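After this come two complexes, each holding chain A, first together with chain B and then together with chain C.
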Partner chain A sequence: MTEYLDVVDWSRAQFALTAMYHWLFVPLTLGLAFIMAFMETIYVRTGNEEWKRITKFWQTLFGVNFAIGVATGLILEFEFGTNWSNYSWFVGDIFGAPLAIEGIMAFFMESTFIAVMFFGWNKVSKKFHLASTWLVALGANLSALWILVANAWMQYPAGMHFNPDTARNEMHNFWDVLFSPVAINKFLHTISSGYVLAAIFVIGVSAWYLLKKREIQLAKRSIVIAAVFGLISALFLAFTGDGSAYQVAQKQPMKLAAMEGLYEGQEGTGLVVIGALTPNKKFDDEKDPFIFKIEIPKLLSFLGYRNFDAFVPGVNDLINGGYTYTDAQGNEQIALSAEQKIARGKIAIKALGDYNEASDAGDTEQMKYYRSILEENFLYFGYGYLNDPSSIIPNIPLTFYSFRVMVGLGFLFIAFFAFIIFLAFKQKLQNAKWVLWTSVFMIPLVYLASQAGWIVAEVGRQPWVIQDILPTMAAVSRIDASAVQITFVLFAVIFTALLIAEIKIMIKQIKIGPKDGGK
Partner chain B sequence: MKRSLLHKVFQFYYQGFRSMTVGKTLWTIIIIKLIIMFGILKIFFFPNILKRNFNTDEERSKHVIEQLTNPNTITYD
Partner chain C sequence: MIDSTYILLQQYWWFIISLLGALLVFLLFVQGGQTLIYTIGKTEIERKMLVNALGRKWEYTFTTLVTFGGAFFASFPLFYSTSFGGAYWVWMAILFCFIIQAISYEYRSKPNNFLGQRTYETFLFINGLLGTILLGTAVATFFTGSQFSVEKMNLTNIANPIISSWETPWHGLEAALNVHNLTLGLAVFFLARILGLLYFMNYINDEAILARAKKNLLYNAIPFLVFFLTFTVWLLLRDGFAVNPDTKEVFMQPYKYLHNLIEMPLVLITFLAGVVLVLLGIGRSLFTSCTKGIWFTGAGTILTVLSLFLIAGYNNTAYYPSTFNLQHSLTIFNSSSSKFTLSVMSIVSILIPFVATYIWFAWRAITRKKIDAEEMGTESHTY
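Let's turn to the complex of A and B:
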């Protein structure tokens, strides 16, 4: 058993490591592509060669990031086949179809038009080149759509049926998968976080030029474009963040409780703005969850349920059940306790086994009987792998603090963009050294916020790989833990080397500047 | 005409790659990375377990059902 849990934990750690490194490269690609496209559009419309020079410079940095980051996501797909084989089989074509579309689109759109974007200056017409740059931006963002749809399905499995003959989920409605409210919010929230990251990257690099008193025109113009793009994106990010939190309240209430450190639910629940959690708090002890907290009264109820007096269940309510909630069909229901869900999950798992035994024996009556039991309890299938109700609680401190880092920095970025725009239009930015240095130091902060967002999304949904249907420990392959440990270290070394290479090449290109922008 | 178009496309890429500056370093990194990923990691460390161990989808289904319906070995405590 211990060795088995080692495999689960090491596989989780390895997936987290590779996903987090992958996400260091992706958001800059998503946002910088659009910033370049805006700059090139101005060049084509005005004919001003300075804009061409500016576009080419950012294109070089885009190329560095793209080249280092490309294919880092493939590692995740390797891991699905090796470490998560039960999961890979279980999700069936739900994952296969979106990822296949992603692969084809990424190959044809990005690869083809990236070549035109880099090699096509003065070789193809200005308008064709501009169209290629826009298509690179759209292609990169559409690639992200498919993987985010797959991720959203794991948080809210919609549009599928479980086939007990094959143990696979089969998609019965592609549009339900694509347009699930969780998928739409996740996609928009994630890509707009990439836009904010890219905008801060451009402002930070440009601010460094202003501090060094070089590339003044490039820096000033880039800052204006990036700050306006960044402000619009950051406001949209807050809007989609609200949408995402609303979806979490409806579909993943335990994640919301962890995000808020909420143990005892109540009507008119406040939103904790800042707070310190009591260490080693257990769900069933009498300790106050907070050492201190500052909260806005009733705001969590409003954000989660659009009603200032709505009841928001806490960790204890979700474990003990018994509270009233409205289901997806609008009917009032009494929540089951975790123990009741576990019992129903075990019935579902047993029914799956009995169904297949009946199938092997060719007993159609029994098959029908066990299938109906399975379907009746399938919503709780994953609970059957748990024995202790407290297993449904994610890591609350990590989720709680990551959420505050993400949201706090998100609001800081809105203020930052607005302030930068104000100073830029007042022609005071160039001499405001502290603002320029702040801009440079915003770059690591925006990466931190971006990573914190994924920690909230992925740690907060534990123990589920697929919400309520498959927990992490049932999804993992029975492989040797030492093999996963070795590849964990290998990945840590490879990805760290890639990151160092990216930073070194990027800094070198920034120091060289646009005069020798290269290709 | 067709040959001419192909020639133009070839020349476009050929000249593009030839005139790269920082791109040469980046392509070197990409190629090394892909060799490590597909030539070493995928082959030696990341087999697709179900494809490797079973020949048909039916066998794979049976294996996964066996794993999923045997929860006593896959609980936290």
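Let's turn to the complex of A and C:
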């Protein structure tokens, strides 16, 4: 049993490692592709060679970053099979489709036109080249769409039903999967975070040139494009962030409670702006959850339910149940306790076994009977694999602090972009040394915010791989923990080596600058 | 009740998977070429031309691999969960071979690249050597079988709900050490090298490279033919994993794959045409001044591999056989996605010809003019 749990933890560690490395490279690709496309559009429209030089410079950095995103992406795709074998069968009917569509629709577009973008400058017409650059941006963002649809579906499984004959979930409505509100929000929120990251990257690198009094033209022009793009994206990011929080409140109340460190729910709950959590707090002890906190009254109720007086359930409410909530159909319901959910999950799992036995015996009456029991309790199927009610609580400190890092930095970036645009407009940016240095140091911060976002999304939803339907521990492959340990270490070493290489090459390329065409 | 639309969809998706697999093997010319950089390139500029010729195509191979995986997942998820989670070490080894490839082109000649140019070239070599052999051995298990079990009702065992189990502690290493599997692995390796050489001959405008490529073509064609013929003869003579269409029972049938070829004449014609084209491309390149052999051998590779995949899955055959328990073998019917999902995906697959068309145009636009030493000096983006 412990060996089995070890596999779960190591598999999680390996997947988290791969996903976090992947997400170090992808957001820059998403945003920089558009920034390059804007620049090249200006070049084609004006015929000004300086813009071509600027485009090509950023393109070189894009190339250094791109390949490693591709490499880590391949690993992620196959890890669903290698490390999450049960998951792959249990929901492969729904989850596999977006991955395949991503390959057919997006990856080929990206890889085909990236070749034209890099090698086509002297081989194809200006317009064909420009179209290729735009198609690279479109392809990259389309691939983000499909993988985020898949991820959103795990957080909010829509458009499917469980088939006891095949012992898996099957898709019955593709549009419900594609256009689920969680999917749309997640897609828009995630890609706009990539745009913000790329904008800050471009501003930071350009600011360094201004500090070194080099490439003044390139730097100034790049900053203006990136700051405008960044400001629009950051505002949109805040808007979609609000949408995401609303969806979390509706669909994953435990994640919301963890994001807020909320143990005892109440009507008119405030939003914690900053706070320090009491260490080692257990859900059922009497400790105050916070050492200190500053909160805005009633705001969480409003953000989560669009009503200042709405009841927001806390961790303890979700475990003990008994509060009233409105379900997806708009009916008032009394919440079940975690223990009741676990009991009903076990009934569902047992009914699946009984259904199967009846099916083997050819007893259609019994099959019908067990099927109805299974369907009645299926909403809680995943709870059946849990034994302890407290296992539905994710890691609260990690979720809580990551959320604050993400949101706090997000608002800082809005102010930053606005300030940069203001200074650029006033022609004062070049001499404002402290602003330029700040811009350089914004680069690590935006990467931090970006990673924190994924921690909130993925740690906050534990223990679920598929919300309420499949817990992480029932999703793994049957392999030895030691095997996963070995591959984890190998991945960690190789990803880290590649990251170091990437950063070193990137810094060198920035130092070389665009003078000789970025080579 | 037999749902003939569902059966048609399952067969359609096996065809798509087979086609993607076939395209992937053709595109392994990139990997094959990577193992020849120091054999064919004797000077720095020659090697640069070779690397750049390959570097403009590597992403197609990579993307095809990713799409092959995604399409397999979406259409036959039970294969994905059983094989990848079970034959862990083989698949992980393949993955490692491909991570180190993805960055090597871009980083190889960049200043301050941390690991040094030779390391990235070694990465390319490893990818070409192990990537091809391991993919070949993994595909060979479609005919030789693996030791796994699939018990869907394990889901109801709360303490240990995992459905698919690998029944040997080797977790896939046993497949790589099986002689029959290795024969196909080595055939794929030498084929990839042949394709790489033919690609160099067609795309690089350099006398020395052309002469060396031609010479090496012979050295690689001979082992390829030996391994390929060994594998094929053995395949056609061996017992195969047949399925009784009425009872769904899996049983061993003598000469199953030979029967499949004879009972599906179109596949037989595809197979023979493929083999002839492969040989024609090699022969013309060896014995005439033709440099377009890649088109013949490439097309032949696609047809041959396609037909091999088809005889593995069609005509009541279990494509992923379990030697642990024959009745746990995967067929295209018991491992596929639901009818609804396959229908949705089939609609999406209408895009494939469109995708193929733009790839063709973009490929042509970039490759119209052959690579030469001069271009290496003037091109702004080189590897």
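Criterion: the second predicted complex is superposed on the first by the 514 of 519 C-alpha atoms of A that agree within 3 Å, B and C clash if a C-alpha of one lies under 4 Å from a C-alpha of the other, contacts with A are read in each partner's own complex, and residues count from 1 in each chain.
Just so it is clear, a contact is a pair of C-beta atoms (placed from the backbone, for glycine too) under 8 Å apart; a residue touches a chain by one contact, two chains touch by 3 or more.
Everything quoted here is computed from the prediction, not taken from an experiment.
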Both complexes share chain A, so when I overlay them there, do chain B and chain C fit or clash? clash
So, does A:Asp93 touch the first partner chain B, the second partner chain C, both, or neither? second
Quick check on the superposed pair: does A:Leu379 touch chain B, chain C, both, or neither? Answer first, second, both or neither. neither
Using the touch definition from the top, say if A:Ser391 reaches chain B (first), chain C (second), both or neither. first
Comparing chain B and chain C in the superposed model, the one touching more of chain A is C
Is A:Val64 touching the first partner chain B, the second partner chain C, both, or neither of them? both
After superposition on the shared chain, which partner residues are touched by A:Ile75: those of chain B (first), chain C (second), both, or neither? both
Go through the superposed model and pick first if A:Leu448 touches only chain B, second if only chain C, both, or neither. neither
So, does A:Leu352 touch the first partner chain B, the second partner chain C, both, or neither? both
Is A:Ala501 in contact with chain B, with chain C, with both, or with neither (first, second, both, neither)? both
Overlap of chain B and chain C contacts on chain A, residues 1, 4, 60, 63-64, 67-68, 70-71, 74-75, 78, 81-82, 85-86, 88-90, 115, 118-120, 123, 166-168, 346, 349-350, 352-353, 356, 384-385, 474, 477-479, 483, 487, 490, 494, 498, 501, 505, 509, 518-519
Per the touch rule above, chain B residues touching chain A in the complex are 12-13, 15-17, 19-23, 25-27, 29-30, 33-34, 36-37, 41-42, 45-51, 57, 60-62, 64-65, 67-69, 71, 73-77
Quick check: in the complex, which residue numbers of chain A touch chain C? 1, 4, 56, 59-60, 63-64, 66-68, 70-75, 77-78, 80-90, 92-97, 99-105, 107-116, 118-124, 128, 132, 163, 166-168, 170-172, 174, 346, 349-350, 352-353, 356, 384-385, 474, 476-479, 483, 487, 490, 494, 497-498, 500-502, 504-505, 507-509, 512, 517-519
Considering the complex alone, what residue numbers of chain A touch chain B? 1, 4-5, 60, 63-64, 67-68, 70-71, 74-75, 78-79, 81-82, 85-86, 88-90, 115, 118-120, 123, 165-168, 346, 349-350, 352-353, 356, 384-388, 391, 473-474, 477-479, 483, 486-487, 490, 494, 498, 501, 505, 509, 516, 518-519
In the complex, the residues of chain C that touch chain A are 56-57, 59-60, 62-63, 65-67, 69-71, 73-75, 77-78, 80-86, 88-89, 91-92, 95-96, 98-103, 105-107, 110-115, 152-153, 155-156, 158-166, 171, 337-338, 340-341, 344-345, 348-349, 351-352, 355, 358-359, 362-363, 365-366, 368-369, 378-382
